[in-house]
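Think of it as A, B, C, D, E and F in the order they're written, each chain with its own count starting at 1.
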């Protein structure tokens, strides 16, 4: 399913050939390696790492007691890869890059989800993903227990201030959009004050985004909206802000940092 | 030059069409936006951001007093984008993602370069780059003033412990590699103790990597090698370690974190 | 914007080269042709036909008093194409194919829209489009004045009987979907009787599709739903049925025949 | 063999993922569906529909007592598809689109072939095919019992009036073409009156197309040509005209409507 | 027209970047180079070489007094390339490879054409072309004054001994082929003795290939066929054999060596 | 590994379909063919030829007593191909083209290697390869026992006279390059006289190319360099020159003719 991404990346990483491996490793040599967690977290990308290897050589297998979404501790063996040594050595870096990156996202997402546990709010991602890796990163966000925001500019409508200005006001923007888009899509309007919230509500927005509002303003908006639309809080939210924001009663909290500034988890591949 | 990457990413981000913009923004509307730095750093990706917009509409232009590699302060206007409003709004997110990500890498690289200033050592990147973005990220590393390590598995040889084991020792690995590869490539051998350093030296390695050695070991290795090969220090090095490692006399310090865990710089696009 | 589709089609139609034209037509010969309507209808595809020619030779131009969405009568000159004769003759068939096919869709769509004029209902298309041409055909439907249904399986949710069975009932299907999809998407449930309508309503569907119901059933469903969700009528509707179905009070009528069985409009290209 | 077309179409139809199916249908659920004919006709596309499913999941199979080219009656079960429910539901629409479209072409072709049965003339298609689907549609025409005209502009020569004008007459056009093309290709000349027929004959055309001539003119041309070239009748021929045109003695009758205005056959997929 | 081939080849030759040129040559440096013939021959590929450079940088131009098909002597300046030095240096090798290879084919072809001058026979190429370069090489053969044989397996029919065996004889093979292929294609049958020639003639072949026959046999075949079909002589023919073979009266002589074993012409690019 | 090249070539050679084979050969017919050497040489491309067939039909197999790099005599059976007759006949030409071309390169390379046997020098190829086939041709050179020069412009540095001029001298060119390129690459400088050799040596070149020097000059250069860099002899070297050049003491002799003017080996496929 992600073969296009993986093949592009393999071509990028290998180029005309893995000279070191082809020189040093006999073609019939077998190898066994263990993915070992150097720190705890949530696993994401095991099937994808497996696919990296099988694209290089169908004979590589990964055995594991874990599956994507499981949590692990430092020292855990996340999987045992066996098969032709050449394919394993050539694919090692890319498999690790993916596993570390996606597990990093899932782990950060799970932390954010935990931070709002008990509250009504759900965590979502944004479009601030790594170029070309959106499908993988959104999968990691779902693995971490959060919801996805729209995948791209055609499967969700988000009317921002510039759209509002260009259309001549929120009412005109919403009307023009409703006339143009499939009826299967909701219309979300970005607002930054109560006046905009009220207009969005009046003209029939399906979702209202509260952009960079303080807690009091968010509470006021939630009260005004009173369940008539979904309410999404947005704006450079850090891990510490989440519980507080959730307590305002918003339905969704979107966090760009889940994908645009994620720290790769430390996982290594140890060979016998 | 990076059009393949950019077109793939535009297709990913736009899908069948930017519904919001097509609905709200008249086709002939013009717009003017300013890229504003929310924090200081080193600029990287201005031409690439420009290309994102011109791939959408050739009439978009970006004027700027800055060029890639320049440093800027919080509040600086990094560029003024003008042209058809639809293309600018549709490309905004992707242009920003790139500018933030690449400037983040360049800024972190420049810091690392500064940390070893005065010492003999040079900073290099690794292959721990984001899938599909290696060419862009290596460009950002060069912009930040560091050198690139090999681009892929075919334009550089790095004999690691697994290769050594498979080949039956350092001597055999180096010999097999030398017989197979173009004579235009150097051979680098990863070592983790003095015994390996001495064998690599004896069998004619061109570069010796000191992997995860402590300062004393590195000093000893540098003394032993005594300029007969290049010496590269490697191993989860943080910003704080660099000056200390550089003082051991190594020629190169490679840092995976420059590209695999980079924090995006905060840059926004403000419209009139 | 549709270049990928057009280039694929040009390669299909031309193969290694247009032997007849290359043999008979001098490279510097100019030509002038007129697109003439052999029957009346609504124009769609003029810019796309223009792009076919300019992909072959940038020097070809099309002048026209018409624009997509205009209606025309038999005998009208829809455009005058001028430029290098080779490119015009080589691209003629494909430009005509497109113009005839898309104008056929727009014309049929406009007729359907006219048939429900005065009623509340809107016409929409379906996913029953020609393989590979969905973007073009959905554009023709919009040109004809109707709305688009979802573009693909990821930008709209339509829970059909098989999904309901697999999930264990409407309630479970809706709940599972709501937990998985972006909050920007509505959930549509296909129903074939009042019991299903009531359950869909109860569990919070956003859109209820009435599949192959007779007029009385549709009226009953519309009354029961009473504006709480959108109501879409579906099921092999012909041109004659539209006004009658619209009178039941449904919000949307989806018609697969707009795209899956369209008659190409008769347009020819006459050369001076 | 048609994988490129099918993969492009699957990407178009699925986008980033089939949200409804992924939400409602457990990954290990199996399904069984029957392709049921709602009207009689000739089957075409069974192997292609099978390939649609196996591209999604290699475990899907289709059992059938029919094979492409068989005729069926309303109510017949054309095939039984079994396998993972997700792949079957996700591929359902596209498999049906193909089966309905190609069977529609094969059925219309078989009717045209029947209409000229007993006469000497053979039915052929034209280049008026759906963009991107020519290979599939020409296969459906062969399945229906007719012959294919040239596949593209490089595997057949058809000198039309514009080519004749550009070359300076039929004689020059034929001579220029003969000098340029592979000797394995015949040269066809389009004519609209007896003078042109005679010149085409005189300069050695291999095939003469009679374009939009009435029956008397065609009879006269056939008599004049007297077997020295193939004779092809062309020009907006409907089903009713075929027997009459065939009686004029032409060798071939080409019909654009076989592919450019085909009605999809009504076939459905019923699940247990 | 050949952009796909050229872009693939540029990616192959450049990889992630031309390190030498980027390091040594300032971005704004201009250059002027002269393509100089080291030996005489026929020019082919000038426009293609020009395209190689403009794909790298649209500002590169080539001025020339020659055009493809012109003959030149050792020492002649075949073109003067000017523009940005980086693009010229990076593209130099590939432009030269093409110019040398295609001019080599055109020169060898022109020699073969000259060898049969005065005789009735024409020279043609075969499908023994370089993988991926057939379009370019067939163009060079035409430039050299010979005709092209079929472009691929779908635009010409050549029934060889294995096809005959599989079909159960020449008669069955020709009949099966005639029933399946477009009527725009001729049918060629490969024969190796008079019995086969007579059967091919009897069953209506359009072209008869005489495979590896001696002169006497070819003369006899030509007499027997007596103009009723085209006659093609084939079989490892060298430059010395051509006049002799042409004297047997065949219509066509096909020569695989024109493309499968061509010697590159010696052309260099001299810089000021 | 070479699938992209092979699929492109198969599409080129087959086009929309192999009409002759589809017409004459029943779908279930099996065939057995023998690759027979018409002249002696070194085998290269057996696995690649096998892949050509299995891309057409996975049921085709090739049995052989030979493997790439083995030498064979005229008359030897190089492999026995069995499987579905259609795939074998359709793939025959391309499999043979590859086998003949690559074996031609391997054979010529092996001859060159033999010519310098006993001397210190090694043979290498150049970038004068066939467009699009570099990976295959470099593999054939390795099969023939020689070494590869750089694969493309990014995995090796070769500073030529034009680079030197643009940079302002050898010293500046080498310094600029060293500052820009990965430290894993050597720097080669092209020289044509002793003055340049000495400067290249002084500024730290890793490899010195002696371009078109006579034997005496090469001897002098080798003595001057005295092992401090690798020395590569270059310049239109023919088979007869090799032993003589090797005797000058150079380390490497690069020969463009190995790939740019290779004669295809005569191998045929004989069917039972």
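Methods note: a residue touches a chain if its C-beta (ideal position, glycine included) is under 8 Å from a C-beta of that chain, and two chains touch if they have at least 3 such contacts.
A quick note: this is a predicted structure, and the numbers were derived from the prediction, not measured.
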Using each chain's Cα centroid, which is most distant from the centroid of chain E?
A
Please tell me whether the contact surfaces of chain E and chain F are same or different in residue numbering, using the over-half criterion.
same
Would you kindly tell me how far, in whole Å, the mean C-alpha position of chain E lies from that of chain A?
53
CA centroid of chain B to CA centroid of chain C, Å:
46
So how far apart, in whole Å, are chain A and chain C when each is placed at the average of its C-alpha atoms?
33
Chain D residues touching 2+ other chains are 15-17, 135, 151-152, 154-155, 157-158, 179-181, 185
Of chain B, residues touching chain F in the complex
122, 124, 142, 147-151, 154-158, 179-186, 188, 206-207, 230, 232, 251-252
Touching chain F in the complex: which residues of chain D?
135, 138, 151-152, 155
Chain C contacts chain E in the complex at 15-17
Sites on chain A touched by chain B in the complex:
5, 8-9, 12-26, 29, 31, 85, 89-90, 93-94, 97-98, 100-101, 127-135, 151-155, 157-167, 173, 176-177, 179-181, 185, 260-264, 271
